[in-house]
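So, here's a batch of structures to check.
In the two complexes below, chain A is the common chain; its partner is chain B in one and chain C in the other.
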Partner chain A sequence: MNATPLEVLLFGAAPYAALALFFVGTIVRYRTRPFTYSSLSTQFLENKRHFWAQVPFHYGVLTVLAGHLVAFLLPDAILWWNARPLRLYALEVTGLAAAALTLVGLVNIVVRRARHRMVRASTSAMDWVVYALLLVQVTSGMDLAVSKTWGSSWFASVVSPYLWSLAKFSPEPDRIAALPFVFKMHVVGLWAILGVFPFTRLVHVLVVPNPYLWRRPQVARWYGVRRQARA
Partner chain B sequence: MRTRVAAALVTVLSLAAAAGEARADGDADDFKTSCANCHTIGGGRLVGPDLKDVEKRKDRAWLVGFVTDPTGVLASGDPYAQKLLAEANRVPMTPIAGMNAKRAGQLLDLVAAESKLEKSRFAGGAVPDRAFDAKNVPVGRDLYTGAAGLKGDGPACIGCHRVGDTGALGGGRLAPDLTDAVARLGGRKALSAWLSAPPTPTMKRLFPFEKALDPEREILPLVDFLQDAAARHAPSERAPARVAFVLLALGLAGALLVGMEIAWRRRFRGVRETLVKEPS
Partner chain C sequence: MDVRSQVSMVFHLDKCIGCHTCSIACKNIWTDRKGTEYMWWNNVETKPGTGYPTKWEDQEAYRGGWTLGPDGQLRLRSTDKRRTVTNIFHNPSMPSMDDYYEPWTYDYSNLFDAPEGADQPVARPVSMVTGEPIEVKAGPNWDDDLGGSPVYAANDPNLDALSPEQRLQMQSIERLVFFYLPRICNHCLNPSCVASCPSGALYKRGEDGIVLLDQTRCRGWRACVAACPYKKTYYNWQTGKSEKCILCFPRLETGQAPACFHSCVGRIRYLGVLLYDADKIPAVARSRDEDLIDAQRDMILDPHDPAVVEAALRNGIDPSVVDAAQRSPVYRFVKTWGIALPPHIEFRTLPMLFYVPPLLPVMSAKKDGAVRNASDDLFADVEDARAPIAYLARLLGAGNEGKVRAALRKQWAVRLHRRATTVGDVDRATADRALRETGCTAEEADEIYRLTALCTFEDRFVIPPMHREEAIEMLEDPHVWKQETGFGFRAGPKREF
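Up next, the complex of A and B:
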C-alpha cells in the first residue's frame, strides 16, 4: 500500500522534526538553564498517593520502554523468543501487566495533581499536556496489546523495519500504512512526546540518578525541631 | 557505405528487438509477482478470476481503471466490480503498489498475448497443489507457531493470525483469522498460489520474492494445517482466550502492586504528613 501524503508527513517527516526538536531543545535548555533539569518532585508536599503514583508508573513505564527498545534493536531475538507460544504469552502478559502498572501510576499522578491543593499549585500547563499525551499513549498501547495481539511479534517484524528505515534516513512510511488507526495514533503520540520533551519536566529522564534504583532508602529525621517550634 | 548503413540498421533493429524482449520479460516478471498469486491465464479461477480473454468480458478502459485503483472502483459501487467481489468470496482485489495506467496497459497486453497461446506459462502449472495429507498437519502447525522456522526467516504466522483453538491464548489479531482461509480464498490451490507471493501490503513486505515460502516444505504443510483446522473448528473470536490474557496480565499487575507494598512496607507515611499538614 502506498502511503497517503498525510501519512508521508506524519510517518516520514514528523519523526525528524520531533527528533530535531528533542536534540536541539534539550541541548539548548541544558546549556542555558541547567538547573531546570529536574523532575520538580512534590513528594515533600504529599507522600501517600505519591507512592502509588510514582512507583508503579516508573517501574511500569521503564519495563514497557525496555520492551519496545529490545524489539526495535533486536527484532530477531524477539521473534526467536516468541517461536514458542508459551514464551510469547509470557512476554505479552508481562508487557500488558507493566502497561497496567504504568496506567495505575499515571491515573494516580493525575488525580493527585488535581485533588491536592499544594501539588496542584505546583503543576504547570505543560505538566497537564504531558499527562494528556502519556494517557493517550498508554491507553492506545494497551488497546493495541489487547485488540491486536500479539504486538511483540508484529512490532518486531513490521514496526522495527519501519523504525530502522527512519534511523537510516530512508523513511518508508508505506511499511506501516496498512496498520490500524490506533497504532498510527500511538506512533504520532511518540513524535508528539519527543517534540515537547525539552519543554517539560520529562527532561529529568536525561539526568536520572540511576543509583536510586538500588541504593538503601535515605531516612530524614528531625531532632527536636517540632518541640522547639511548639515552645 | 551501403555496408555501414546496413550494419547500423541491423544494430538498431537488434537493439529495438532486445528492448522489446526486455519489456516483455519485465511484464512477465511483473505479472508473476503482482498478479499470478490470485489469477491464472487459462488455468481456471484462483482467488480472482481466470484472466484468459479478459478483454472479451470487459473493455480495456474499465480494466485499466480497476487494476490501477481497485479499492476506489469497489468503493464507488460499480456493479461489475461488486460482481467480481461476490465471486471472490468478498475477498477484495489488493491494490498493487506503484500501479499506474501505463503499467496496467502493459500487463493487459501481456494477458492478451498469453490468451492467444494454446497454453500460457501462467496457466497455474507452477502453483503447488496436491490432495490433503494429514501427516503434514503437525508440520504446518509448527510452521504456524514458529516452532519450526521458515526457510526465508519470515516471521511465524501466530504473531498476527489466529487459527481455530491453536495456542492456549490463541493467535494474533492484527490480521485476519485464518481458520477458514482455504474456503475463503477459493480452495487449496488458490491459497497455495496466494501464499507463494502474498499480495497484501504487509505480507508482501514480510515475504518478498527472495524470501518466498518453499512450495513443498512450507506452503503445502501450512495449507494442510489450515484445512485440518477448518474441518475441526469453526472460526471464532475466541473471546475467552482474550479475557484470559487480560485477566492474567491484571493478576500479575495486582501481584506486583502487592509486592511493592511489601517491599516498601517500612516507608515513611506519617511524619511528613504531619509536618506538611495543611492548615485547617
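Up next, the complex of A and C:
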C-alpha cells in the first residue's frame, strides 16, 4: 500500500525531526544546563504510594524497552525464538505482563500526582505532557499486543525493517502505512516522545549511577593534582 | 602515617542557652530559598527530646550510618552497591517531609485587603509548598524546652539506656532537666553520606575535610539523606537536589568564622584544625563500641610532635596550617583535656564535631529535700546529677559512661578550684583533692576556665589560611584570565525543565 502524503510526513520525515531534536536537545541541555539533568523526585513529599507507582513502572518499562530493542537489533533471533509455539507464548506473556506492570505504575503515578496536594504542586506542565504521551504509548502498545497477535513476530518482520530503513536514511513509510491505525498511533507516539525528550524530566534516563559501582566508598577532592582518598 | 588536616569543632553544651541565634544566622544566609524552607543546616534541639527530624537518633527506623558486620567489615545500613541498583526507583530508607515539618508562612495581605466586616481579619497559615491554607501540626523546635513532656521528651531514643524508674524520675517536676543540643553537619572522617552517593556528588575537601555536595553532579537519588545518621543532608524538593551544611567555607576562606559560630551568643562554639592519621580511618571505624572514643582520639595527632609536623609538611600541609593546628582550641578540648566527646560515635562515621557534656544542675534534691553544692564525697554530686550519666553516655559516649563521667568530673573539679580561688567558700584542700582525683593540675584547670569562660574571638576561632589563591592557580593560569574579570556566564540552581 502506498503511503499518503501525511503518512510520508509522519513516518518518513517526522522520525528525523524527532531524532534531531533528541540528539541536539539532550546534548545542548547537558552542556548548558547540567544542573537540570535529573528527574525531580517527589518521594520526599509522599513516601508510600510512591513505591507502588515508581517500582512497577520502572521495572515494567525497562523490560518492555529491552524487548523492543532486541526485536529491533536482532529480528532474526526473535523469529527463530518464536518458531516454537511454547517459546512464542512465553515471550508474548512476558511482554504483556511487563506492559501491564508499566500501566499499573503509570496509572499510580498519574493518580498520585493528581491527588496528593504537595506532589501536585511540584508537578510541571511538561510533566503532564510526558504522562499523557506515556499513557497513549502504553495503552496503544497493550492494545496491539492483545488484539494484533503475535506482535513479537510481526515487529521483527515488519517494524524492524522499517526502523532499519530509517537508520539507513532511505525511509520506507509504506511499510507502516499498511498497518492498522492503533499501530500508527504507537509509532507517532514514539516520535513525539523522542521529540519532547530533551525538554522534560525524561533526560534522567541518560544519567545512571555508573561510577558508583566501581569506586571506593569515600571521595576526596584536592586542589590541583593530589592523591585519591580511600575508605 | 598519612597526615591530613581537618577543620574541627567543639560545642560547649554547658554554655548553650538555647537562643537559636545560630539557626537564624544560618537560615538567613543559606536556607531561605524555595525548597529549603524546612531545612535547618544548624538546628538546636532540646534534650531529652525527639529532635529534628523526629527521633533522628533511632537508626532502627531511619537506617543511617554504618554497622559492623559479623565479618568485622563496615556496611551502610541503608544501602550498598547492589541495593543502590535495585532501590534506585524508590529509596526504602528515605524520610519524608512528615518527619520534619511542612513549612508555612502567613497570609499577611489579608490583614490589609480583607473586605470590611464585623470581624477582625486574621493572617492564616499558608503552606510554602502548595500555597494553600494549612493547619499547622508541627514546626521547627516544636518540642523546644519541653524537657519533661510525656509526648516529646519521653520519646527520646537515648532514654532506652535508663531504667523505668530513672525514666519516671526524669519526668517528675523536682528532677525535671533539659539542655540544648545545637547540631550542624559533623564533617565526619568516614561520612556515610559520601559513601552512599550513587553519583559521587558528595566529597570531602582534601585540604580541610569539609564535606560538600556538588549540585551539578547530584542527580537527586536521595541516598545521602537516608545514609546520614545525623540527618544533616536535606532534599530540596524544588530543585530535586540534596543540600547540606557547607561550614560556611566562603567565610572560612576569607578568615571569618562560620555564621553560626560567629553569631553564637553563649560563645559555646570553638573551631580549629586537627591533624589526623588518615591511614587509621578504616581500623578506627571498625573498633568495638566501647573503644571507639579512644580510637578516634588516638587517630588525632599531636601537632607539637616533630615527627607529626614533618610528616604533615611532607604530605603537602602548609606550615601555616600546622601552626593553626598547634594553636587549635579543639585540640585542647578533645585531646589535651579529654573533655569533649563525639556525638553518637557508634554510628561509625567518626564525627569531627565534639561536645563538652553539660554539668547540669549538679545540685539535686536529696532525700531530705536539702540542696547542697558540695558533699563530702566530692563527686557524688556528679553521679547524682539530674540528668543520669547513662543518658549522656548514650548521647555522647557510645554507651561508655566512663568517658562522660571523666569529662564531668574534670569540669566539676575546675569549678571547685575556681570557687576556692575567687570566692573562697570552698576550701583549698577540697579543691586540690578534686583536681588530684581527676588528674588535673591547677594550671590546666585555669586554662580550661580561661578557654571556657573568658574566651575571645581569637581564642575560639583559630582559622587556618585556606590558601584558596594557590588553589586557583593550580586549577587555571591566572594570566589567561587577566583583564577578563566579570566575563563569562554561570547558571543559577534553577530548573526550567
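The working rule: the second predicted complex is superposed on the first by the 209 of 231 C-alpha atoms of A that agree within 3 Å, B and C clash if a C-alpha of one lies under 4 Å from a C-alpha of the other, contacts with A are read in each partner's own complex, and residues count from 1 in each chain.
Just so it is clear, a residue touches a chain if its C-beta (ideal position, glycine included) is under 8 Å from a C-beta of that chain, and two chains touch if they have at least 3 such contacts.
These figures come from a predicted structure and were not determined experimentally.
Visitor: Quick check on the superposed pair: does A:T139 touch chain B, chain C, both, or neither? Answer first, second, both or neither.
Guide: It touches nothing on chain B or chain C.
Visitor: After superposition on the shared chain, which partner residues are touched by A:R84: those of chain B (first), chain C (second), both, or neither?
Guide: Only chain B is touched by A:R84; chain C is not.
Visitor: On the A-aligned overlay, A:Y223 touches which partner chain: chain B = first, chain C = second, or both, or neither?
Guide: Only chain C is touched by A:Y223; chain B is not.
Visitor: Considering only the touch criterion stated at the top, classify A:V104 as touching first (chain B), second (chain C), both, or neither.
Guide: Touch status of A:V104: first partner only.
Visitor: Once chain A of both complexes is superposed, is A:Q54 in touch with chain B (first), chain C (second), both, or neither?
Guide: In the superposition, A:Q54 contacts chain C only.
Visitor: Examine A:V93 and indicate which partner it touches, taking first as chain B and second as chain C; both and neither are also allowed.
Guide: A:V93: touches chain B, not chain C.
Visitor: With both complexes superposed on chain A, which partner does A:T36 reach: first (chain B), second (chain C), both or neither?
Guide: The second partner, chain C, only.
Visitor: Once the structures are superposed on A, label A:R117 by its partner contacts, choosing first (chain B), second (chain C), both or neither.
Guide: Both partners, chain B and chain C.
Visitor: Of the two partner chains, chain B (first) and chain C (second), which one does A:A156 touch, if any: first, second, both, or neither?
Guide: first
Visitor: Go through chain A and flag every residue that touches chain B in one model and chain C in the other.
Guide: Residues common to the chain A contacts of chain C and of chain B are 44-47, 51, 55, 59, 117-118, 217, 219-220, 222, 226, listed in rising order.
Visitor: If we count contacts the way the header does, which residues on chain A are in touch with chain B in the complex?
Guide: 1-2, 44-48, 51, 55-56, 59, 76, 79, 82-86, 88-89, 92-94, 96-101, 104, 117-118, 146-150, 152-154, 156-158, 161, 174-175, 177-180, 217, 219-220, 222, 226
Visitor: Going by the contact rule at the top, pick out the chain C residues touching chain A in the complex.
Guide: Within the complex, chain C contacts chain A at residues 74, 81, 84-85, 88-92, 94-98, 102, 127, 129-132, 190-191, 194-195, 197-200, 202-207, 215-216, 218-222, 225, 235, 237-241, 278, 281-282, 316, 470-471, 474-475, 491, 493-497.
Visitor: Using the touch definition up top, name the residues of chain B that touch chain A in the complex.
Guide: Residues in contact with chain A: 95, 97-98, 145-147, 149, 153-156, 158-160, 167-174, 200-202, 205-206, 242, 245-246, 248-250, 252-253, 256-257, 260, 264, 266-269, 271-273, 275-276, 278.
Visitor: Sort out for me which residues of chain A touch chain C in the complex.
Guide: Interface residues on the chain A side: 29, 32-47, 50-51, 54-55, 57-59, 117-118, 120-122, 124, 126, 199-201, 203-204, 207, 209, 211-213, 215, 217-226, 229-231.
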